[in-house]
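Okay, got some structures for you below.
Each of the two complexes below includes chain A, the first together with chain B, the second together with chain C.
Moving on to the complex of A and B:
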């Protein structure tokens, strides 16, 4: 089934129709007739048949959770991931600190230093998942598409403070070498055909 | 002779208690499985093959749970109420012939604990006493939902006793006996002799009333989960709650035995096939209890009372009168 049936909210077209509801009887004789009609109409057996049919068809819809999992959408906001650059395998994060600044639950902590090549480098980066509300602001604000949301939602913990460190979020280098890093497709990511839409900066002004 | 009879009776009692306690547990398994399949779910499937050991797991859980007597309840009555439900359910079983008589090691066994000549009256009476379980349990619980449930239990059980009694009055007039064995013999001639053909109205009425007496779904008002939590069982925990449960399921099984015995020929001529036939009928009626639970909505208490006093009872009375007139002429 396509999603159009759900997205179209215009009730004037499509499959909507008014249910034919009879007027309620007001006098005693009318009520009596309704009771008799309902008694002998056999509608109860329709209900019995429907559930029996489903039992015989045995079309089970259970997802046996720990063994099977539902696919989740790319825009789902679960535990964060740190991406690497496709070209050089280097970390995308430039340590700008925007994510720390925008985080409304104040759960990102970032510290930077100048490394031996005189470049800025992330020295500390942690997210307190116990406080994170998975709002997605950090992924949206990140100018480098470095911090993104992943699909890992099984993050139950025995403590309220449950930190995730930079190294845990970063795509492992061997996975990167194998080209297996999944690009984030959620909110704030690059839309498809972005290249064709790029316009030259008007230099006239 | 005397001691042999005693030993036989004790063995029969023990067997019935064990078999039907176990059946009550397995009944919950079937209920969960069948309901699940009808709702396109899987039901219990993790514990044991096909989830069969779920029953054992639940049993262990019930037995080992803390037995909580909440503050504010009337202790003694609170404690005795579940026992009443379970005990009356099993007491009713005493007058039910579960199978035709058979011979084992040259000894003839009658699978009925006591063939008293007022069997039906006894079963109805004892089942009516079962009312005190929900009533006392609900009133002693110091919980408003339990209290509502107790009030409903009193109303529903007493009203539907009337329907049950009047409904089977007509078949009793035809058979001229209150013993279930006599009922069985009356219908032993084959399908053509079944009372359901001569008393279809009584059969339907009794069946409807059976749903009210056991508190099953279209009339599941006494412990209606979505309105009054678990009704009279709300404050109970552990094995006391388990006793209510066993009582309910044992009642379902016994009613499933009584309906075929009264109306559908029972075990027929007493052959092996007849016995199998009775078990098949019992299985169908038990299945129907589960089936309706998946398919039908619950009625409101006022609708239930309306149905009882304005529809079923007049129909039952008319049925009795017509039966009497037909028998007279």
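Moving on to the complex of A and C:
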């Protein structure tokens, strides 16, 4: 299925028809007549027959979840992904703490420290997915495009600890080495022609 | 008063005040980058330029005093352009790594860049490689440095160690350090407007906006400096409950902190639960106790509760160190005519003639050193130290070292009194008994040295005498106190007596201390039969001083406030008092107004820097009470002999007590340090393990020769002891070598 189906939000294009609905009864006698009419008309069996007929025909219109899944739009905000740098495979996160600051449900926590090269290093990064409201602010504020939202919306678990696994969010190193890391195009990503708009720093020497 | 106009508003300046200071005092804003109110202006940034009517060009408002009737403009189109250009210059090649910079938005450069709307860069110069440096407690990143020179100014003027200096070289110039002179106070870190000078331990561990700031007072020495505990949760903990202190900051423009205050903050008691069994036991023990021994690292309110418990159970309140000070103050009052000494730290900073007796000024109370340094740098003060040890640590501050014989402090003070007191009529007997020749021979202070001191004092306007712990714990302390009291009364000197521990003065003023008797003893922060301990190693846990609210009385006689920097989860002394006395106080601060000073509630006390003009209020001052009786000073007693190996009990810089000992940022070393001369005399060599005992306490120490030291007296630290000793600090010892 192409994305057009999702992006097309013009609801007026289809064929509409009016439903023939009688006026509602206002007095007691009218209500009594309606009850009698409905009781003996056998409407229930009409519905049951439709279900039975369609079942026998095997002409199924619903998505067979979980075997089948609907495609997800790139701007969909589900479980976060932590990206790696293309150049070095190192983690992109610089530990600036802006996501922690902007998070409106206070579910992001970072510990940082100085590493042996005197650079800032993230020693602990956790997102409490049980509390996250998937608003996307963290991805939007991230100056390095290090945190983005992915399409993984299935996060049911019987352990609360599973909701904060950093390793699960980070691009696996084999996937990175294979060049399969997907770049984010949604929230906070730069527009395709950004290069043309950047002003150069004057370096007159 | 000089009256002039700023932006059309009439304001007045005090004599010697600059245009900038006067304007700020009246709430008029002038931007600055390099100005630090507590030092003399560097005048390196030129941001504070203002226009003066009828004058060509700009005037630097930071170092120009106003003239009567001038009209000053602080803001105009040209000034704005000028300041914008200055900010552009500052931004040339300044790295744009604000995302990870340790300053995390508390940046003066960032603020002013935005304020003057620097949206494009028109200057450029070839950048160069600048190496980051790690200098003990601070790290320096020259590529972030804007050469405002605040750090060198503060190191030179306020700290007085002049460890930092500028390595000139035009665009290549940077800050460099003489590490041997650095006392690890971190003042340079606190004044740095950008992320160039950062704390090694704090760097990159937390963003400023995540930290919760709690104003409090330092718990390590009698200065009880005003500071902020900045705390934060860690990544894997609950928000409030498990917060820990990440750093300590201060209002660096106006106040200072030493290394222990700034880095020795991690002494909280991390007890996790209320130990009900131990609590029940403690309640029993109080009923049967004969003595309660405590240290002066206690708040006034807790002491008040101990006093209440004493009223009910009749035990002895014992604190030898505070009792020695209390006796000293009693004798002092008997000749001074009032209960308290009359000078403060600020008086030291503003004086121009300072004599210290029996004080190791950079170790006992760093703020005395800092203020002496300011007096030297700002008023060209004459500083003389009367001390048996020529301390190389303060050689940049001291004008005249007067070396006296160990134990002869009484003679030294008598000589001082004889030379400086003009009206000797009220203590005739004492002054007639003084035989200068004999005292000079005994104390080894020549009459010429005192004459020289007198000579240089003649033109000085304000003289301050600083009295230290050696004298307070002297065998002849009673008579010495009387001499000091008389020196104050005669007006020869303003006097500061350094209380020997954090709240010693408060303890002395609130309680009457007893001598210990045989019997069951409860110790508060000191080992006894039953120990209440904030260290977490006793029988019942107590909150540490960064976990409780309360008040101290500091060296300035101010009642200063403490607030809890981190949460404490165990029982407090208040719980014990509530259970035993049937009281219902939620917290100890409900007793603050009952302490016997002023009837002001804790929550109404103001403590800290109030406004951008630097007005500092610390609680309220405790007034000195007049004393009617007048005692006469006794004759100077004969000296005891101090031969052989003499050891001086003194802590290394930035170490004070058992709480600073375990700080991971301070790195304590409990070693005996002596000169080469001492080593030869005591027949030991550097690296030996030695054993000796002082007043019944046996010490096992590692001995190290310090080539900076001279003389035959070694330094033995006492910060690893529970309580401060009330004995004379010099002791003759027998040293045994116990190498394996």
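By our rule, the second predicted complex is superposed on the first by the 134 of 205 C-alpha atoms of A that agree within 3 Å, B and C clash if a C-alpha of one lies under 4 Å from a C-alpha of the other, contacts with A are read in each partner's own complex, and residues count from 1 in each chain.
As a convention for this text, contacts are C-beta pairs under 8 Å (C-beta built on N, C-alpha and C of every residue); 3 or more make two chains touch, one makes a residue touch a chain.
In this text, all values refer to a predicted model and were calculated from it rather than measured experimentally.
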Chain B versus chain C as contact partner of A:43, first or second or both or neither: neither
Which superposed partner A:118 touches (first chain B, second chain C, both, neither): second
First (chain B), second (chain C), both or neither touched by A:161: neither
Touching partner for A:89 - first (chain B), second (chain C), both, neither: neither
Contacting residues of chain C [partner chain A, same complex]: 99-100, 104, 120-122, 124-126, 132, 134, 139, 200, 203-207, 209-210, 233-236, 239
Chain B-facing residues of chain A, complex: 35, 44, 47-48, 50-52, 54-55, 58-62, 64
Chain A - residues contacting chain C, complex: 94-98, 100-101, 106, 109-114, 118-121, 123-126, 143-144, 199, 201-205
Touching residues on chain B, where the partner in the complex is chain A: 34, 37-42, 45, 291-292, 294-296, 311
